[in-house]
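Quick notes on the structure that follows.
As written, the chain order gives the labels A, B, C, D and E, with residue 1 at the start of each chain.
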Amino acid sequence: MTTTTKAATMNDSKISARKVQVFYGDKHAIKDVDIEIPPRSVTAFIGPSGCGKSTFLRCLNRMNDTIANCRVEGHISIDGENIYDPKVDPVQLRAKVGMVFQKPNPFPKSIYENVAYGPRIHGLARKKSDMDDIVASALQKAGLWNEVKDRLDAPGTGLSGGQQQRLCIARAVAVSPEVILMDEPCSALDPIATAKVEELIHELRANYTIVIVTHSMQQAARVSQRTAMFHLGELVEENDTDKMFTNPDDQRTQDYIMGRFG
Amino acid sequence: MSPGIVVLVVAAISAVGYVLGRRRAVSLAARERAKLHSLPAYYGQTVALFAAVPALVVLVAWLVVQPLLIETRVSDMIPDSAIPEGGARSLVMADVRRIADGLDAVLARGGISESELSQMQADVTDVRGLLAGIGVALGNDVPPPVFEAAKSYRQISKTGNIVAGALALALSVGFALWAYRRIAVDLRARNISERFVRALLVSASTIAILTTIGIIASLFFETYSFFKIYPARDFFFSTVWNPQFRGGSDLGILPLLWGTFYISLVALVVAVPLGLMIAIYLAEYAGPSVRSLVKPAIEVLAGIPTIVYGLFALVTVGPFLRDWIAQPLGLGNSSSSVLTAGIVMGIMIIPFVSSLSDDIINAVPQSLRDGSYALGATQSETIRQVVFPAALPGIVGAVLLAASRAIGETMIVVLGAGATARLSLNPFEAMTTVTVKIVSQLTGDTEFASPETLVAFALGLTLFVLTLGLNVLALYIVRKYREQYE
Amino acid sequence: MTEISAFSASSAEARGKSLYAADERTRRRNAAEARFRMMGRIAVIIGIVALIGLLASILSNGLSSFQQTYVSLDIFLDPAKLDKAGDRNPEAIAKVSTFGYAPLIQKALQDAMAAKGIAGDGVNAKTAAELISKEAPADLRRFVLADPSAIGQTVRFDLLAAGRIDGYYKGRVTMESAKLDRNISPEQLMLADKLKEAGILTTNFNWSFFTAPDASDTRPEAAGLGVAIIGSAYMMLIVFVLSLPLGVAASIYLEEFAPQNRFTDLIEVNISNLAAVPSIVFGILGLAVLINFVGLPQSAPIVGGLVLTLMTLPTIIIATRAALKAVPPSIRDAALGVGASKMQATFHHVLPLAMPGILTGTIIGLARALGETAPLLLIGMVAFVREYPAGPPEGFFDPASALPVQIYNWTQRGDPAFVERASGAIIVLLVFLLMMNLIAIILRRRFERRW
Amino acid sequence: GAAAARDQIQIAGSSTVLPYASIVAEAFGENTDFPTPVVESGGSGAGRKKLCEGVGENTIDIANSSSRIKQSDIDNCAKNGVKEIQEVRIGYDGIVFASDINGAEFAFTPADWHMALAAKVVKDGQLVDNPYKKWNEIRADLPDQEILAFVPGTKHGTREVFDEKVIIDGCKEDGALEALKAANGGDEKAAEKACMALRTDGVSVDIDGDYTETLSRIDANKNAIGVFGLSFYQNNTDKLRVATMSGVTPSVETIAKGEYPVSRPLYFYVKNAHLDVIPGLQEYIEFFVSDEMAGPDGPLAAYGLVPDPELAKTQAAVKARTPMGALN
Amino acid sequence: MTTTTKAATMNDSKISARKVQVFYGDKHAIKDVDIEIPPRSVTAFIGPSGCGKSTFLRCLNRMNDTIANCRVEGHISIDGENIYDPKVDPVQLRAKVGMVFQKPNPFPKSIYENVAYGPRIHGLARKKSDMDDIVASALQKAGLWNEVKDRLDAPGTGLSGGQQQRLCIARAVAVSPEVILMDEPCSALDPIATAKVEELIHELRANYTIVIVTHSMQQAARVSQRTAMFHLGELVEENDTDKMFTNPDDQRTQDYIMGRFG
C-alpha cells in the first residue's frame, strides 16, 4: 500500500529526496532518507526530540549550508531540479522555499520591518501602500495583527514568545514562497492562536506546499495529508496521515503514536 | 579632456545607465507580465557597473602607461648635446615637464594663443622669463631642443588624453548599451552585481598579502647585504648589543628581543586586566550615560601622542619608581626601567583592550546572562563564567592588537626604558626594544652601507618573522580552544 | 535516586533561610561580587585619572601657546632704504632683503619709546630691538612687496615680540633666569614692562598659531601649525576614505564569505601579523615601494596617507572581524530564510549590528594614524616645511608636514619656547582627533543595542 | 599628479645640521621668489643614502651631514649615476658638558671622563674594572658628587666626537691606552676599541633621543652631567651650568680659535646634476655660505654654529661648483 | 468557594502577590494581579499568547530587573518576605527561585558544563565525582541522559531544539531551588519527552513549589493542582485545577478552555 502511494506521487511530487545523509562533523544525523512530498498538500514530520526532523527540514532549502561542520549527501530535488546542483542559486531556492525556524528569531528591527524585509528584497511592493497591505495581511494571516497593529514600530524582539513565533510565520508568508517549511510553528501558541495558524495552513494548502514539524499528534492529524515519522535519523515510515494514525505499517510508529516510546 | 572630466562623464553615463536599466527592467516585467529575477535596482546596478568599471580600469591603466610612453617618445627628441655634463636625461625630462606645465598655465591665463605658442621658439622668446611671470621657476635658460620637446610633450599628452578619454567614453557607452540590451526578465542581475561586489571584497582582503610582500621585499635586500658583512650567527645568538661608530660592533639581537618581550609583557600585564575590567564595568555595570562619556574618554588615551607618555614616564613615573621602590629595595637606581616603560605603555594601550572588548561583550546575547542569573549566579559570576567565555574570541583579537601596539612602540621605550640593550631579569633596570633600535640605527649618523645601519633591516625582518610565528601559534591555539565550544 | 536526595538535603540547609539575611556562602559570593565591581570601578578610575593627569599636564604646558605677545609700532616705510631709485620698480624693491628692513623697526621702536617718554635704562637701540621677533622684518617685507605703494607712508604694524619676552609674560622667563640667560637680560625685561604699561606691548589671542607655517629655531614665537594641520587633514582624509571601506570589505570577505582554507588562514595570520609590524617598517615600505618604485614625490601627504592606511588597516580589520563574529548566527539564518542573499543578509542585518565594533576599530586606528611620526620619518614628512600645499587633490602631492611631526620636531629644539608650542600642538592634535571621532562616537551610540 | 615637476629644493639628513639649514631655508624663502626649501631630518646616514639614490626629481638635492661622507657613500653614488657632488663645510659644532644650573662647578680634562666612564681603568698601575663612584675619587679637586653621565647613543654623530676627542684622548692622557695596548699584545686598534668600551653598570647612560631628552633627564637626576651641542646649551644657559674642558670654557669664539678641543665640522653635500634643474638650488647654496648667513655676525653664528674660518674658500668653491675630489 | 480556598492558603502560601503591575515603558503588561501560590504544589498559568504569563513569571524571581525599560509595582512576597525589598539580594532570591525560560538558552559550553554551572557556583559538589553525579541525575530527570551521555563534552548549542529545552530544565533542577518557574517547558518536546518532564514535575512537587506556564490545557490539568488564567494582563481567575476545568467561575475562562476565544 505504501509503495503504491509513493509510486502515485512520484511523478508529480514537489520535493523528492533520495538517499539523503547528513553529518554534523562525525555525527550521522540523517541516515539514508528517501521521501516524496506532494505539491499543494501538508506533510507533517513527527518523531521524538533529537531524531533529525529540523535537520532534514533545513536540508530542503539548504539552510544547512550555514552550519560550518554540516555535510549533506544524497539528492534532493524540487520540481525535478536538484537543489544541491552547483548551478542552483541557493538564494533563489530560499525565496521559493520559505522557512519558519524552531526558535523564533525576529530581526532586531521594528515589527513592520520584520515583515516588510522579505517583500522588499523580492520587490513585491511597488508603493508604500502596497507594502502596508502586504504587512497587514501577513500579520493577519499569522493571527498577530490585532495584538500589534497599534505598535508596528515597536521592536520585534520586545514581543512575547508566542508573538515572536507568529511574527516569524508572518515574515515567512509575506514573501509567498511556493513551499513553506515550518519547524514547530505552534509550539509557543495557545490553542486559539494555534487554531488560527492551522487555519492559515489550511488556506495556504490550496496553492502552496507545506511541510510542518510538530510534536502534537493531534495537530499532525488535523492539518496534514501525509505524515513522515523519523527516529534516530532514519525515516521510519511515510504515509497518508489517516492511515498513519489508524493503522501504521511500522511498529515503532505505532509505539510512538501510542506514547509507548523511549 | 582631463582625466577628471572623463571620470565625471563616465560617472554620469553610469548614473544614467542605472536609471535607464532600472526602468527597462520594470517595463519589461510589466509588458511580459513576468516576475523579475532580481529587484529592479540590481538591473540598474549591472548597467551602471558595466558602464563604469571597464572604462575606469582602462583609464587608470592608460594614465599609468601614458607617461612612460610619452617619456620615451619625447626623450628621444632631446639630443645628448642638450643634456648638461654630469646630468641625467631624467632631469632634463623634468624640465620638459615643468615647461610643458608652465606653457599650459600661460595658455590658461590667455597670455598667448595656441597658434602663437606653436610659432614660438626658445632662442627667440625668453621662455624662462615668460614662465617666471606666472610663477613657474626654471633652473636655467631653455635650450631650443628642450623647448621643442616640451611643446611636443604637451602635444602628445594632449592627444593621449583625448584618445584615452575617447576610449574610456566609448567603452563606457558600449558596455552600458550592451548591458542595457541584455536586460531580460530572467537576467540574474543580482548575482551579477553581487559577484562584482564579492570580487571587490576579495581584492580588499588581498591587500594584506600585498602589503606583506611589499614589506618583505623592502626589507629583504638590505638584510641580505647586512648578512654579507656581518655574520648571521653573531646576530642571532650573541648576547651583546654594542654598535660602534668605527665598526667592529657587536650586534646581537638577543638582548633586544628580551627587552621587547619583557617590556611588552609588563605593558600587557598592566593593560589587559585594567582594560578588561574597564570593558566589563562599562558593558555590564555602568549606566548608559556613564558609558557614553567614559568610553570615548578612555579612547582618548590611545590618541595622546606617545611623546607625552614618554615624558610622563621620564619625569614622573621613572623617578617615582626609583625613589620609592627600586632604591629602598636595593634593586638599582636607574630612573629609566622596564617597569617604567611597561606601565606607561600599558596605560596607552588600555583602550585597545577596553573599547574593543566592550563592544564584543555588549554583543553577547542577553539571553545567556538571563540563563545564568536564573540559576542564582551573581553578576560577576555570570560575567566571568558565561559572558567572558562567549566573548573570548573577540577579546583575544583585542589583546593581540594591544600586544602588537606594544611591540611597535618607540617613543615611550626610549624615554621610559632607555636605550641600553641588556639581558637582565631585574625590571628596574634600563633595557630597550627591537623597534627602538630599528628607528635609531636607521636614522643615525652612521653611513648607510655599514652593518650598524643595515642591521635595522635585519632587525625588522627578524621581528616580522618572529611575530608571524607567534601569530600562527595564536591562531592555532584559538582554533583548538574554540573547537571545544562552538 | 538516593544520591539525589542526598545532595538536595545538603543544599536544604542552605535554603529555607530568610532572603533578608544572607547566609555565609552568599555573603562570600556577594563580597566577591562587590570586589569585582569595585575592581571594575577602580580600573575605570585609574583610566580616567591617567587621562586627567595627562590632559592636565598637556593643558597646563600648552594652553599658554594660544596667547601671544605683540608689539604695536607705527613704522615709517622709508623710501630711502626700500626704494633707492624711487621708481617703485617691483624688482628693485624685491632686492632689499629682510636685513634691510630691520633698521626701520629698530627706529620705529626708538621713536615710540621717545614718544611715550620711556628711557632705555641700559638698553641700547640694538638690544631694545631684540624685544621684537626676527620674523618682524619678514612681515614688513611681505607687506611692502604686496603693496609697493605703501612705501613712504607710516603704517601701524602688530609685530611679534621675541620668544623670551613672550615667555616672560607666560611665566617661563623670570628676572632670575634672565640673569643667567645669555639671550635676554633683566634690563630688557624691565623695558618690556614699561612698554606694556605704555600699551605698546599687548597680549592677544594667537590666531597665527593655527595658520602660520613652522618657523626656524630662532623664531619660536612665529612657529605655527598651519602646514601641519593641512598635512594631517589631507592624510587623515586619505586614511579614512581608504582604510574604512577596505578594512570593512576585507573583514566581510574573511568573516562571512571566505571558505576555511589555507589561503584564508594565510590572509588571517598575515593581517594580525601586520598589526604587529613596527610603524617605521611601514615607512621603509613607503620609501621603497611608493617613492622609489612608483615614483611618488617625497614629503607628500599622498605617500603619508597611503602608508598610514596600510598601517591602520589591520586594526580596523581585526576589530571588524571580532564585531562580525559576535553577531548571533540566528540573525543570518533569519535573513537567509526569507530568501535574502548572503550579501543582502550581511549588508542589511549583520553589518549594522557589527557597526559599534567597526566604529571603535576606526576610532582607535585613526587615533593611532593621526599620532604616528615614525613611518613619516622615512618618507620625508618629518621635515621643516614652510610652503602651504595646494588645495586637494594637487595638494596631496605637495610637501607638507603633519601634527605629530611638528610636535616631534618642536620637542627637539633648543629654545624652551618650543616646549610650550609642542604642548599647544598636542592640544590641537587632540581636538583634531576628537572632532574626527565625534561622528564615529555619535554613530556608535546610535547603533548600540543588546539583542 | 605624479608627473608634475618639483619646484622646491629637497634637503635631508643630519638632525644636528637641521636647525641651521632651516634658519637658512627660512631666510631664503623670505628673501627670494623661490619657495622655501623642505628640510627633512632623519640622520646623516639616511640623508647621504637618499642623496645617492640617483639623479632625478624624486631624489633629494642636498644631504646635510654631521660627519664627512664615507667612501661607501661615494661608491654608492657613483653606482647610481650621481657623479659630481659638492662638499660644503658650513662651520663647526661645539660639544659641551653641562650639569644642572644649581649643581657644582666642574672643570674637566679628557682623562677625567675616561676614568669616570671607561669599563677598564688603570688604578695603581693595574688594569681594573672601573671602581670609581664619585668624581672626587678620580681627582680630588672635582666635586664630591656621584658619577652619572648622559652621553649620546652610538647612533649620534656627537658620540663619535665624544669617543675620539674625549675618551680616547683621555685614555692616552691617563695611560690606560698603553696598558690596554700591552694587554692586547700591542694592537693599537684593539686598544683604542677597548678604550672606548664604556662601563655598563648604569653610570654611563646612552641617550638615543636628542638634547631635550638629556635636559629632561638632568631635570630628573640633578647630579648628572650631560653632553650637549653648543647651540643647545646657548639656548638654555639659565638651566645648565657648563663645564670647562682642559681649562677652556666652550663658546663660539674659543672653538673658532681652536682652544676648546671638542668640536667637529658640519657639512652638506649637493648633487651637481640638479644645480641647473631644480629652481633656486644654486642660489640656495650660495646664500647658505654667504657672509650674511654663515659669517661670524650672521644668524647661524648667533644661534651657536661656530663659523668656518675658511668660509671665503668655500664661497668660491660653491660659485665655481667645484665637485669634491677623492676622500683623503 | 474561591475566596475560601484563597483564605485557606493565605497564611501558608509560598508566594503571594498583591496588586502587581508591570510596565514595559508605556505598555501596561500586568494589571493589578493578586495571587497566592501554595507551597509543595504545582500551579499552572494559562492564557492566550501575549497575555503576560511570562512577564508575571519573571516578576517572581526578579528576572525583570534585567529588562531595561521594565517597571514592577506592587508587592510580591515569598515565604512572607517581600522580594522587592531593597534588602533582598536578587541573587539569593534566584538561587531559591529557579527558572526555565521560554526560549531555550544553553550556554556556549559543553553539555556537562551547562548543567554543572549552577551547582558549581552554589558549591553543591565537593568532589568531581559528586559533580558527575549531580549532572547525571539532573540530565536523567530531564530525560536527556540517554541522548547525551556519550557526548557530554559536545557543545550545548549543538543540540536539537527539544534537547536544548531539556538541557535547560536539567540546568535548573541541578541547583535544587525551592521554587521552580517553568515557562512552557515542554513546548518543543514530543509526547514521550513531555511525559518524562511531567513525571519530573510530579516528583519535585513533594519538596518544591512549581509554577508552570503552559498552553496545553491537558498538561495543566495533568500536572497542576491550581491554575491561574491570565487575559490581557489581568488575572481572570485563579482556582483549583479541577474546578477550573470543570466549572470555572469566570466566563472568559470557560470560553478560553472551550477554545471559543479570540
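The rule is simple: contacts are C-beta pairs under 8 Å (C-beta built on N, C-alpha and C of every residue); 3 or more make two chains touch, one makes a residue touch a chain.
Everything numeric here is computed off the predicted structure, so don't read it as measured data.
Peer 1: Between subunit C and subunit E, which partner chains are common?
Peer 2: Output, common partners of subunit C and subunit E: A, B.
Peer 1: Which chains contact both subunit A and subunit D?
Peer 2: B, C
Peer 1: Rotating subunit A so that its CA atoms sit on those of subunit E: what angle is that, to a multiple of 5 degrees?
Peer 2: Resulting rotation angle: about 180 degrees.
Peer 1: Indicate, using Cα centroids, the chain positioned nearest the centre of all protein chains shown.
Peer 2: B
Peer 1: So how far apart, in whole Å, are subunit D and subunit E when each is placed at the average of its C-alpha atoms?
Peer 2: 83
Peer 1: How many Å are there between the centre of subunit A and the centre of subunit B, using C-alpha atoms for each centre?
Peer 2: 49
Peer 1: Find the geometric centre of each of subunit A and subunit E from their Cα atoms only, then give the gap between the two centres in Å, rounded to an integer.
Peer 2: Roughly 29 Å separates the two chain centres.
Peer 1: How many angstrom lie between the centres of subunit B and subunit E, each centre taken as the mean Cα position?
Peer 2: That pair's centroid distance is 56 Å.
Peer 1: On subunit C, where are the residues touching two or more other chains?
Peer 2: 29-30, 33, 341, 353, 377-378, 411, 451
Peer 1: Mind pulling the residue numbers of subunit E that touch at least two other chains?
Peer 2: 91-92, 95-96, 103, 121-122, 175, 177
Peer 1: Which positions in subunit D touch two or more other chains at once?
Peer 2: 1-2, 4, 6, 15, 33, 41-42, 46, 57, 209
Peer 1: Determine which chains touch and list them pairwise.
Peer 2: Per the contact definition above, the touching pairs are A-B, A-C, A-E, B-C, B-D, B-E, C-D, C-E.
Peer 1: Along subunit E, where are the residues that touch subunit C in the complex?
Peer 2: Spelled out, the residues of subunit E in touch with subunit C are 78-79, 81, 83, 85, 87-89, 91-93, 95-96, 121-125, 130, 133-134, 137, 141, 175-178, 207.
Peer 1: Can you list the subunit D residues touching subunit C in their complex?
Peer 2: Spelled out, the residues of subunit D in touch with subunit C are 1-2, 4, 6, 8, 10, 12, 15, 18-19, 21-23, 25-27, 29-31, 33, 35-36, 38-42, 46, 53, 57-58, 60, 101, 209-212, 229, 231-232, 234-239, 292, 299, 302-304.
Peer 1: What does subunit C use to touch subunit D in their complex?
Peer 2: 94, 97-99, 134, 138, 141-142, 173, 177-178, 180-183, 214-219, 291-292, 294-299, 377-378, 380-387, 394, 397, 399, 409, 411-416, 419
Peer 1: Looking at the complex, which residues from subunit B come into contact with subunit D?
Peer 2: Within the complex, subunit B contacts subunit D at residues 63, 67, 84, 86-88, 90-92, 94-95, 97-98, 101, 132, 136-140, 242-246, 248-249, 311, 314-315, 318-319, 332-336, 414-415, 418-420, 422, 429-430, 432, 436, 440-450, 452-453.
Peer 1: Could you pull out which subunit E residues touch subunit A in their complex?
Peer 2: Touching subunit A from subunit E are residues 24, 27, 46-50, 52, 54-55, 102-104, 143, 147, 158-163, 166, 183-184, 187-196, 215, 217, 256, 259, 261-262.
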